[in-house]
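Just below sit the structures, each encoded as structure tokens.
Here come two complexes built around chain A, the first alongside chain B, the second alongside chain C.
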Partner chain A sequence: MTEVPPIAGTATRRAPQPAAGAVVRGGLRRGALVPYLFVGPAFVLLVVFGVVPILVAACVSVTDLDLRGLGDPATVRFIGLDNYQRLFGDAEFWSALGNTGIFIVLGVPAIIIGSLAVAIALNTSSSRFFRFLTGFYFLPAVTAVVAISLIWGYLLNGQFGLINYLLGVVGVEPVPWLSDPITAKFSVALVAVWRASGLNIVIFLAALRSILREYYEAASLDGAGEWRKIISVTVPLLRFAIFFVTVTTLIGWMQFFDEPYVLTRGGPTGATTSISLYIYQQGFQFNEFGFASAASLVLFVIIFVVTAIQLRAGRFAHE
Partner chain B sequence: MSRPPSRRRGHRAPVAILLAVGALLTSFPFVWMLTTSVKPLGESRQYPPRVLPSEVSLASYQRLFEDLDFGRYLFNTIIVVLISFAGLLLMAMAGYGFAKFRFPGRGMLFALVLATMMIPLQVTMIPTYLLLNEAGLTNTLVGIALPALVSAFSVFLFRQFMLTIPDELLEAARLDGAGETRVFASIVLPLSRPILAVQAVLTFIAGWNSFLWPLIVANDEEKYTLAVGLSLLNQQLSVNPPLQMAGASLMVVPIVIIFVVFSRHIVRGFTMSGMK
Partner chain C sequence: MGDDGSKFEQLVEDFSRIFDIRIDVDAIPWDNVNEKLTTAVASGNGPDVMQIGLSHLPAVVDAGALADLAPLTDAHPNLAPGRFLDSVAPDRLNPAGRMLSVPWISDTRVLFYRTDILTEQGLGEPPATWEQLRAYATKLAARGKGAYGYHIPQWDVPLPVQFIWQAGGDVTDASGKINLDTPEFRRAVDFYLSFYADDLVPIASDFDQTQGFVSGATPMLISGPYLATALTEQAPELAGKWAVARLPGAEASTALYAGSTLGVFSNSTKTEASIQLLSYLTDPETQLRWYALNGELPAVTAALNDPALAADPFVRVYVEQLADARPLPVSSAWDPIGQKMLSALNRIALQGANPEATLAELHQEVTDLQQ
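Coming up: the complex of A and B.
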């Protein structure tokens, strides 16, 4: 697969150097293959694990492929759009979609406002101490989500968790952090917000440092206070960074998996099952590969549409 | 880097205190993890809880390796990380190919590479599992590493970096009779050391932490990585917190060390991948 022959556009897009793209009678000159050999392996892997799966999912989603079908392909039947029909009639699917929506509504503003606030605070000084503090905020972003989820599971434990103990000290009744359907949504989202903020703080910091001091000086001359400067100078100038973080955070929530898997296994009673966890359960716990492929494709379409809308909106914001 | 206006100086002390408190709160779960991991079982469930253990006990770490199979999980994780490093070479090669050669179809191939960035793992996990199963790669360490071996975004970053290498340098080497492999290995790679360093650290972190692929691809305990083994400890949530926290520490501490040593590279790498 690495020796992709240049079929289309050879005539019109002939490369200027004689070595690259030159065609000799009976085949390509040796040098012409070189770029394909360099690009080939990575390209093939990206196509095999990035593009081909979408096509496979589309094909499998119209069959009843399950564990039996995996062992004996002869038993797999074409069932048309039955999987999609079943999916749209499945209350658990809608509940997972709804949970993902709730995570987005809770999580996107929390991450953006929280990270931006910390970044602005960190940017008030470029001293060694402030740079040292940045490391602390960034740490959760590089540690394993599984480990983080376990730690939080222990902190939030209803019986002997530290957090309930501390609440007890100030006279608050113990909170069923992970066992109440509504509270569990908040708990799981909280852990993810804590983890995701580090990266966004660093992105905002980089953007903040590129703002020229003159803007603030001009604002000061006009008599603007600190708050006024943040609202009228910082936030508008960070438009692009805020937009970028919004897009990536939103997509991140649509792929939300690790925290609910480890903390609650999607429970109690499916209250924290995200759409990705739903697909995982259908595919790997119930081995309904056809049905799960249909759900994967629906998620793909949703992510595609949301991204396209955001990019379009971003272009408007830029103009 | 523009310094903020000096007039803010007066506000700095309260901001610094708030930030320090926030930093302590952010890192507290890690402190709690470490101190719990060396507590005797009884103390970890005692009410009221105590932050520091009365005595340091390494029994939980011992159990991870003796009663449980964490030695094997650790070994598997290291192998998966090593395989991921092969991906680093492939990505550097692809970046070089896209940056320094003109060839028919380049624009289209590169666009396709960028397009794969839009497709998340969660969408492809089912079909990719089926593909790996077809290829006989499920339940193998290669199968765990393969789907994430190459990242489109890293290829893009390598390309951006390698665009800055002067063509004259490569041409001169070719005139001296160096073959293409030689040009790549003895000129391009050494010049790309900064981006290689950033990408190597990120590859290590991603491989070490990766969870979803090992969870899906490894069916046997023989092939579990640390992340998968650790997620299974969660079933013992109400039973043995020190054991869980010891497992978590085993995963987190190496990354913290790498983070402290390479923090400049890591932050630069993440900012790059953030701000295209």
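Coming up: the complex of A and C.
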């Protein structure tokens, strides 16, 4: 793919680069510093709050740091890769990793397709009612997650929940929404999808509004129906929005935490324990900071690799 | 300090006046205690005096967050070890020779039962033995669809441990190591699992304890005095239709002791004033006032035996049960092991995991975790 000769547009955009190099050789001009000044603050923030904590976690992950070590650093021992060995031998870790995978498979496509569908539907009109609907869909995104999960917890409760009550009225047996290992995964994912959709709908909506009407008019002249227009005009032109939503949603779901934490505490019997929840339990329930750091570093590597692959794939698609 | 700041301020008003020591009370919800503690230990900035739930005690002791009070007790007779309940005498909660915290309030587990439903089924007295508990539960579960005999909360780590104690065993061996590979453990597990095997308990993990008791779906369960408070507040119409009794037993009828203790932060600069406060709080009179204010039971024997407490029939049961109650092991190894034990039991009971293999795996994990 890289051998493909650059198209004209790319070539002109790259043109200033050699020129800038020449300037540096000839002596540093004030203008050359300006970009660094702009990038500087963000870079410093990234290093302080992003890179340094990761390095600290990497260091902690090869020690047996626990609460005692926090009080008296002299008791902390270097234990090499023992934490990682223990981690990879822990069935709960693999089960949490598997659960996270299932959540991603359930949630990410549902969010992307669902939000896109709703956004396209909302875009068909800009009447007051549709604007109200947009706000309605956005509401879950601005409501506290604890409140949301508490309400859903009551709705889904197998014993006195509203949903089971309503099902009972029409003669359906009560469903163990949160207490059956398989159903609970769906319930937790459902709440998360419902909560995350609002923001993505707004992103898609903004992207949809930027598509020029001319494209649709041209498509209509060519005899395209509504469905054809969505497939051949809307979706390709939303490529960047879809890409952005996919990357951010996937990262968010790899770090999936809030909903299982509040709804099920990872139960029943660990069926909804995501990898982040597992790290939280190890770190903040059992105070095994070293072990939890090892697990979080593994999660970081997974997210890093997956995101890198996506960005690479996205770039190829773009070229 | 738990979630009851204002009542505690009321309690220490007199103290502040008499000794001219100002006290800032900081109430922390139990859910956040661990995070607060971690920050306090890491930063070295903590409260002078803190209340420590027994389940958190191992972590706090391990972190070196508590000052040793042993050298100071001579001047403060209220803190003398012999004044507290035997089950939590300070020497039982502390590493050898030191006194890192003193008992503050007592909490235990008793059997809650619906007198109306039991009577209806011809069951007069509450069950006193394991056999009776199972027989009662079987009869109660046969009432029909949606009716159970008993309730096992799936998050309740102490419940199986109580069964181990009642079978005559313990979770720690002579050397102080945690060991579950004992005949008593096996007996307790079989008893625990038999309720699931015979469909006597609900299997839904979100089954609500209070709701189940109020609706009558689960007319018997083991819980703490906090459930009595919840029932009085949330279901006043149920008054007179339920009662509490000592735990049914086998070799013994030992219950969990789950109170909290008071300790002085190791970085505190006001040790003397802090000790004075501890001495004031463990005074029998203060302990009884705290019971009147907040309903939490004293940890000091003299206060616990006060006739004022014996007036309430429920409290009489709690006090009786407290005489045969023990704390979970005060060891940082316990928390993860307790969770593993519970999750093994749940896997067998709810997912049909093979009992022998699962328990063998559990024993291996217990050994590994303590290396």
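Note that in this section the second predicted complex is superposed on the first by the 271 of 319 C-alpha atoms of A that agree within 3 Å, B and C clash if a C-alpha of one lies under 4 Å from a C-alpha of the other, contacts with A are read in each partner's own complex, and residues count from 1 in each chain.
By definition in this document, a residue touches a chain if its C-beta (ideal position, glycine included) is under 8 Å from a C-beta of that chain, and two chains touch if they have at least 3 such contacts.
These numbers come from a predicted model, not from an experiment.
Of the two partner chains placed around the shared chain by superposition, chain B is the only one that A:279 touches, whereas chain C remains out of contact.
When the two structures are aligned on the shared chain, A:56 is found in touch with chain B, with no touch to chain C. Residue contacts after overlaying the shared chain place A:268 against chain C, while chain B stays out of touching range. When the two structures are aligned on the shared chain, A:315 is found in touch with neither chain B nor chain C.
Greater residue coverage of chain A by touch, when chain B is weighed against chain C, goes to B.
In the overlay built on the shared chain, the residue A:159 is in contact with chain B and with chain C.
By the touch criterion defined above, A:70 reaches both chain B and chain C.
Applying the stated contact rule after C-alpha superposition, one finds that A:128 touches neither chain B nor chain C. When the shared chain is aligned, chain C comes close enough to touch A:181, but chain B does not. Touching of chain A by both chain B and chain C, each in its own complex, is seen for residues 70, 153, 157, 159-160, 284. Against chain A, the residues of chain C that register as touching in their complex are 34-35, 37-38, 41-42, 59, 62-65, 154-155, 203-208, 211-212, 217, 266, 332, 335-336, 339, 343, 346-347, 350-351. The touching residues of chain A, counted against chain B in their complex, run 4, 6-10, 13-17, 20-21, 31-32, 34-39, 41-43, 45-54, 56-57, 60, 65, 70, 118, 121-126, 129-130, 133-155, 157, 159-160, 162, 165, 194, 199-200, 202-203, 206-207, 209-213, 216-217, 220, 226, 241, 244, 248, 251, 254-255, 257-258, 261-263, 275-276, 279-280, 283-284, 289, 292-293, 296-297, 299-300, 303-304, 307. Listed in rising order, the residues of chain A touching chain C in the complex are 66-68, 70-72, 153, 156-160, 176-179, 181, 264-265, 267-270, 284-288. Within the complex, the chain B residues that touch chain A are 1-5, 7-8, 11-12, 15-16, 18-20, 22-24, 26-27, 29-30, 32-33, 36, 44-49, 87, 90-91, 93-94, 96-98, 101-106, 108-109, 112-113, 115-116, 118-131, 133, 146-150, 152, 155, 180, 184, 205, 208-209, 211-212, 216, 226-227, 230-231, 233-234, 237-238, 241, 244-245, 247-249, 251-252, 255-256, 259-260, 263, 266-267, 270-271, 274-276.
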